[in-house]
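Two complexes follow with subunit A in common, the first pairing it with subunit B and the second with subunit C.
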Partner chain A sequence: MTNDVQERRGFRASDLSMLAGKKGSLKEFGILGALVVIVVAFQIATEGTTLSSNNLINIIQSQSYILILAVGMVMVIIAGHIDLSVGSVAAFVGVVVAIAMNDWGLPWFVTILIGLGLGVLVGAWQGFWVAFIGVPAFIVTLAGMLMFRGLNQIIGQSRGIPVDREFVNLLAGYLPEVGPFTGYNNLTLLLGALAVVAVVVLELRGRAKRVRLGAAVPPMWVAVTRLALVAIVIIAAALLFASGREGTSFPNAGILFVLIALAYAFVTRNTSLGRHVYAVGGNRRAAELSGVRSRWVDFFVMANMSVLASVAGMLWIARAQASGPADGGGWELDAIAAVFIGGAAVAGGIGTVAGSIIGGLVMAVLTNGLFAIGVGSDWIPVIKGLVLLIAVAIDVINKQQGRFSFIGLMLRGLRRGRSNDLS
Partner chain B sequence: MEQARPTILSMRHITKEFPGVRALDDVSLEVATGTIHAICGENGAGKSTLMKVLSGVYPHGSFDGEIVYRGERVAFSRINDSERAGIVIIHQELALIPELSIAENIFLGNEPRGVLGIDWDTVRGRSRELLARVGLDEDPDTQIKNIGVGKQQLVEIAKALEKDVRLLILDEPTAALNEGDSQHLLDLLVGLRSKGVTSIMISHKLNEIEAVSDAITIIRDGKAIETLDIRDGAVDEDRIIRGMVGRTLGNRFPDRAGHAGEVFFEVRDWTVQHPLTAERLVAKQSSFTVRRGEVVGFAGLMGAGRTELAMSIFGRQYGTWLGGTIVKDGKEIQLRSVSEAIANGIAYVSEDRKALGLNLLDSIKRSIVSAKLGKIARGGVVDALAEAKVAEEYRQALRIKAPTVEMGVDTLSGGNQQKVVLSKWMFTDPDLLILDEPTRGIDVGAKTEIYQIVRELADAGKGVILISSELPELLGLADRIYTIFEGRITGEIRAADADQETLMRRMAPTKGDAA
Partner chain C sequence: MKKTAIVALAGIAAVTVALSGCGRTEPGAEGGDDAAGFAADASIGVALPDRTSENWVLAGDLFENGLEEAGFEGDVQYAGSSNAVGDQQQQIQQMIDSGVEVIVIGAADTNQLATQLEAADAAGITVIAYDRLIQNSDLVDYYVAFDNFHVGELQAQSLLEGLEEKFPGEEPWNVELFSGSSDDSNSAVFFDGAMSILQPAIDDGTINVVSGQTTVQQTATEDWAAENAQNRMDTIITSSYQGVELHGVLSPNDNLARAIIASATGAGFPVPVVTGQDSEVASVESIVAGEQYSTIYKDTRALVAAAIDMVSELQAGEEVTTTGESDNGAVEVPANLLEPVIVTQENAAEAYAENPDLEPLTQP
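Let's turn to the complex of A and B:
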C-alpha cells in the first residue's frame, strides 16, 4: 500500500498553490487578496489604527451578526433562493426575547431558548411556503420582511425595551480576565493556542490517513510551511485581540460566530446535506433524478436561515442593550452583498461559506476604514455599492473570458476597433 | 459530371486559438455553390468552432486566415453581418422562444412595420408561405412550445428562408429527431439545394451524410484531414469513420455473449396518465420482462412514450401512475420515489445529459458519487478520500478523458460526460440499468466504447434496457426489442430476427398497415 505514496522531492512552482490547501479556489484567493489590499491600504491611511487591537475588537463585535447572517444566506443562495426577511425576522425575535426578559421576567437562558424556538417556527413557516407550496423565496421573504417588521412594532409598541445585564454580558461581552497578569487577556491567548493545536492535529491526521490509504500527499515541507503560516496568523491575531483595553478580549459574539462558521463550512463541504444543497442549486431536476429530495433541501435552507437570523437578532439586542422598532434594517442587503462579493452565483449552485465571510469582512473593513479616515456616512453606501458592483462584474468577466486582465480587455477593444476599420 | 461548379465559400488557413488550446489549426474549406457539404469529426474536433468563425460569432480579427464568400473577402464582426450576407446558422440548441407563436418567432427581430407598429397580416401571410415551403402544416399562431422538436427545426429553417438565406449551416440538425422527422428534414435540404441554397451540415449520422451530401470534409483535432467527393459513390461509412478517428474501427458492436439468464424484472399492465392532459395516456397497460445478462431494446418514434414509460417506472418521475405492478426477483416492489428506485437497484440514465443527467457545476468526482452518497459517507459525512478513490477507479475503467477527477464535467466532451453519467449510475450498484438514448450527440469513437460498456454490464449479469432512436444501434446491441407506438407496446422481437424495416412497421403501424 504505502509504496504508492509519492513523496516527491524538489520544488515545483505548482507546489506553491498547495500552501493554500487542496480546497483553496482561485476565487476565494482573489477576494482574500482584495481583503488584504484593503486592510493594508487603510492601515497606511489611518496610520496604524485599522489593525489596532481596539479597532479589530470593535469590527468583530459590531459585525458578527452580519457575518452569521452571511453564513446562512450563502446556503440559501447556493440552493437558488434568496431571503429578504432576515432583518425583520431578527427584529421580531429580538423584541419577543426582550419582552420575555423585561416584561415577563424570565431568566436570560430561557429567553434564548424562546428566541431560538421562534426562529425555528418562523423558518418552518417560510420554508413551508417555499418548499411545499412553491411560492418563490423572493416573494415569501418579501412578505416575511413586511410581516415580521410589523409584528416587531406591534408587539414592542414601537418602543425601546431594555434587556438584562447578564444577557448583555454573555452575548455582547468579553472573556473574563483569569490567571496571572501578563498584560494580555489570557483566555484569548489560550483560544489562540488551542486553535493552533487543532489545526496541526487535523492536518497531521489527514496526512496520516492519506498515507494509510495510499493517496498522494503533498511534500512535507509544503505541509510544514502551510502550518507555520497558519499558526503565525492565528498567534498574531490572538496577541492582537488579547492586548486591547483592560477588560476586553476576543468578543464572545465573535467566538459564537467562529463556531457557527466552522460548523457550516463543515456541513457545506463535507456532508451529504451540503452536497444536496449544491446539487439542488446546480441542477434541480438532475438532483431529483439522483434521489435528492429537493423540497426538503429548500425547506432546510430557508428554515435554517431564520434560525440564524434569530441568533443575529439576539446578538444585536445584547449589543444595543435593548430591542427597538428599527432593529435589523437593511441587514438582508448586507448579508446578500457579502455572499455575492464572496463569489456566489445569482443562479445558484456556486458559493462557499469561507468566501461569504471574507466578503462580509471586506464590507466591514471598508465601512470601518472609511469612517476612520473621515469619509461622511452619506458617501459610505455609495462606495459599498460600487464595490459590490465591481466585485461581481469582475466575476462575470472572469467567467466569460477565462481570466480577467485589464490589459487583455483593452487589447481586445483595440483589436475589435481595428477589424471594424478593415471591413 | 461538372467539376467547375462555382465556389460559394472558401475559408483559407483558418487558425483559432483559445488560451492554451489551438481549436483550429490551418483549416481550409471549399464549398461549391448549390451543394450539401457535410462536415464530420469527433466531438471537440473543431467543427462548431469553424462554423462560429464563419458566422461571425468569433469576430474577424480574433482568428487568423481569410474567408472568401461569393468572390469577396469578408470580415464579419458579429452574427448580424453574416446574416445580412445570407449566411444563417441553425444551432443544435434551437434558438426559438417557446412562449411566442411560430410567426412571431420567424420574424423575431425582423418584424415588418405597418402604420401602427407591427404589420401582423404580413407576418401571418408570409409565415404561411414559408411554412408551406418547408412542408410544415401548422397554424402560424401556434405557440412554439406546443409543437415537437422536429417541427421546431422546420420553423428554424423557415426563419432562415425569410432572411433570404444563400448558405445554410446546420449543426447536427437531426440529432434530436426521430427517423421520420429526420427524413423530412433531409428531403427539405435536397429540395432547397435544387433551388440554389447551399447547405453545410455538421452531423454524426453517417448514413444521412451518405444519403444527401455531395462532399464531406473531415476534421480531426482542429485540422481538416480531407475532403471527399461523395457523389461518385466510392465513399462508404467505414471510409468516413477511418478519416474521423484516424484508424479503422473493428466491429462497432461487441459480440453478444448470448447467455441471458432467467427473467428477474417484470412490469405488468403499466398505465400512466400524461401530467397535464388527464385523458391522454402515455403508457397503456404496458407489460415487459428483462432477463439477467440481457440487453432489451425499446424502439419507437419520438413521442411514442419510451422515455415516459422509463421515467415513470423510475420512481414515478413522469405523469400520474394509474396502475400496474413491478416484480423484481419474484417479489412485487413499490417504486414511489427515486430513492426507492435506487435502493431497489434500478438506475436511469436520462436522454438529456445536460438538463437531467448532470450538475454541470460539479467536478467529475462529485458527479460520480452523487446518486449514492451514502456509500462513501458515514453519519452523513462524506469520506473525501474514498470519493476520490472511487472516482479515479471509474475514470480509468471507463477511460474518461480527463487529467484528474477534479475537473469540472462542463469541460468534458459529450462522450466523456456520458461516461461520467454511466459511472454515476454504475456506482449505485444497479441490477437494472435503463439507458435512454445513451449515445445521443456522441462521436463515433466514444459510441463504440459505450457499446462495449453496455455489453460488459450485461455480461456481468445486469439487465439493461436500451432506449434508442437509432435502429442500427438497437439491432446491433440489443438481444430482444420491444416496439412502442402511442404508449402501447406493439411487439416483441428477437434482434437476430429483426431488421430496420420490420421495426419501423411496428413503430408506426398505421403507416405499415396502409402500405
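Let's turn to the complex of A and C:
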C-alpha cells in the first residue's frame, strides 16, 4: 500500500508552480516574482548599488520595524479588522522607554520590559473596546492614533530624548566580529549556514512524513531544485550581508524580525489559534457555530498588534538614538499597504505572513531604489500609490469569475494540471 | 535523480565562489580621517528635509547648480513628507555608501541622525549641518546658518516698533506669542531670542499676553503647520479676546503669520501687527500691501553659497571660514553664522533689490 503513491518522473509545466512550495500559494509566487523583477530592474538602473552589501544592510535597518508591523497587521486584517494606531502606539512606547532610560536612569533591559508591558496594556485597552464593547476597530484605533500621538508629545514635551548606547547597540547594532579574519562577518556566515541546514532538514523531514502517510509528494527533482534555489539565495544573502563595511553584519534588528516572522508564520499556519483567526475573518457566524470564541480572537489580534508596535517603536528609537514627537508618522499606512500588496483581502479571511513580508519588501526596495536613482521625494509617493493600486487591482480582477484575464487563465491552467496529477 | 542533486550542488558552489570575491579587505587599510583636501570633482551629498516650504525647494535647486559650477558632483535628495526622518536616515546612508566626501544636512529632525553621523565619521566623511544644527552629537564638523537668536531679537524689536507705530499711546498692548515646531531645534532659539527682548516689556507692563501662554511648549506649532497655528489663534481669540482688542502677534515665520492674520480677520479684528520670517512671496505681497508688518530676509542664495564655499575650502584643504561656534549640547560646533535682515514696508524695495523673484513685488 505504500506503493500507491508513485513518484512521477519527467517534466510537466505544472510542476513549476510547486517550486513555490507545497503550501505557498500562487499569489505569493506572483508577488515574489514582482519583487525579483523590481530588484533586478534597480540593480541595473543603479549599476549594482541595489544588491551591494551596504545597501542591503541599509534596507533591513530602515525597514525592519515596518516589516514587523506588517506581520501583526496581516493577522488584524485576516480577522477582518484594521489598526490605524500602530505608528502612534510605537511613538508612545518609544518616548516612555527613552524617558525611562534617560530621565529615570533605569537600565536598558528593564526599559525593554517596560516597553513590552506598555504594549500589552495598550493592546488590552484597544482589544477590549473592539472585542467586548463592539466598537469597530477602525474607530477604536483612529481614537488610539490621536490619543497616543498626543500622549507621546505630552510625555516627551515634544523634545528629542536620547537613549543609552547599550540599547542602541543591541537593537540597531550588529553582530560582533569573532573568530579569525576571513574577510566576512563570521557570525553572519554561521547564521546563513544554519539557515540552509534548517531548510534542508525541514524539507526532507516533511517529505518523509508525507510519504509515510501516503500523501502525494512533488517529484524529487522539484524538491531538490527548490532546495538548491533557496540555498543559493540564503548563501548569497549571507555572503553579501557578511561583507559590508567593517563592524557590520546582518543587523540585529533583522534577526529579531526574522525570528518574529518565523514564529508568526508558524502560529498562523500550524496552530489552532492561527486557524481560528482565518475562520473568524472568513465567516464569523460559521466560526462561532463551530465553537471558535470569536471575541477572544478579536482581542488577541488587536492586543498582539500593539505589542508588535511597541517592539517597532523600540527598534526605531534605537536606530534614531532618540525618541521624538514625529516618530511613527505614516507607519500604519506602510504596514497596511504591505499587507494588501502581499495578497490579503479587505473583507478578511485571506492573507499570509510571508505574502505581507514580500509586500513590505516590494515597497522597501522600491523606496530605496528610487532614492538611489535620484527620483524626487514628490514623485515617490505617486509611484508607490500606483504600485499599491495596481497590485490589488490584479488581485481583484483575478477573483472575478468569468472575466477574461491572462493571469487567471494561466493560474487555472496550472491548477488543473496540478489537480489531475494528484488525483 | 542523482544528476539533479549534482547540478544543484554545483549551482550552489558556483554562487558561493562567485560571491566570495567580494569580502572585505584587511582592516586598517582605510586612509586617515581628515587628510587635507580631496578630489576637485568629488561627489557631495546634500540631504534636505521634506518640501514643505519654498525655501527648501529653492535651496535644493541652488545646491544642484552651485555644486556643479564649483566642479563637484552634487547628489541632492529630499525626504518624503510621511516618514521624513526615516527617509532621510536611509538617504544619508546611501550617500555614505556611494562614497561622497562631504554631506550637507538640512535635518528633518535634529535629534535623530546620530547613527548616520557615526557611519559618516567611520567613512571619513565631513558633515556640515545646514540651517538646522544637529543636536547632541560630537560628530557634526561644521554648521552654516543664519544667526537664529538674532532672528528672534529682530522679530521682537520689529513687533515693538510696529505696535508703537500703529497703536501709539495704547499701552499695554495685547499681544500673543507663537513658536515653531518643537522637533526643530531652531524653534526654541528664535523664541528665546524674541523673549530676550519681549520678557522685559511683559515684566514692565508695556505688553500684555492676554492668554497667559508664554512658554515655548505652550506656543509651539507642530510641524510648522499653518493649520495648527490658525486653530490655536482661533481658540485664543474665542477664549481671551471677547471685547478685548488684539494689537500684535509674534509669529516665527511667514506661513504661520498669514494663518494668524487669516484667523484674526476671520474673527472680525483689524489686522494686528504680525512678524514673520523667510520672505515668502505671499508675505512680501502682504507687507507691501500693508497687512503683515515684518518678515526676515535670510537670503537662501547667500546661505547655499556659504555652504558651497565651505565645501570648496575643505576640498582645497584650506582653513574653513567660521564666525564663531554654536553649542549643540555635545560640543561647540565651528559655525559660519550669516546676518539676517529685517524687512518692513519701508525697506522692502531696498532689501530685495538683488533678488530677481522678490524685487518686482516691491514695485508699485
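Assume the second predicted complex is superposed on the first by the 398 of 423 C-alpha atoms of A that agree within 3 Å, B and C clash if a C-alpha of one lies under 4 Å from a C-alpha of the other, contacts with A are read in each partner's own complex, and residues count from 1 in each chain.
The working rule: a residue touches a chain if its C-beta (ideal position, glycine included) is under 8 Å from a C-beta of that chain, and two chains touch if they have at least 3 such contacts.
Since the structure is predicted, the reported quantities are computational estimates derived from the model, not experimental observations.
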Contacts of A:S272 with subunit B and subunit C, given as first, second, both or neither: first
Contacts of A:P162 with subunit B and subunit C, given as first, second, both or neither: second
Larger contact residue set on subunit A - subunit B or subunit C: C
Which of subunit B and subunit C A:F371 touches, first, second, both or neither: second
Which superposed partner A:G349 touches (first subunit B, second subunit C, both, neither): first
Partner chain(s) touched by A:P107 [first = subunit B, second = subunit C, both, neither]: neither
Subunit A-touching residues of subunit B, taken from the complex the two chains share: 18-19, 59-62, 74-77, 81, 314, 317, 337-339, 341-342, 348, 350, 355-362, 366, 370-374, 377, 380-382, 384-385, 388-389, 424
Subunit A residues touching subunit B - in the complex, by the definition given at the top: 209-210, 213, 215, 270-273, 275, 278-279, 282-283, 285-291, 293, 349-350, 402-403, 415-416, 418-420, 422-423
Residue ranges of subunit C touching subunit A (in the complex, touch as defined): 1, 4-5, 7-9, 11-12, 15-16, 19-20, 22-27, 50-51, 75, 77-87, 89-91, 93-94, 96-98, 109-115, 122-123, 135-136, 182-183, 217, 220, 222-223
For the subunit A and subunit C complex, residues of the former touching the latter: 49, 52-55, 58, 61-62, 153, 157-162, 168, 172, 181-184, 220-221, 224-225, 227-228, 231-232, 235-236, 239-240, 242-247, 316, 319-322, 324-327, 329-331, 333-334, 367-368, 371-372, 374, 376-378, 380-381
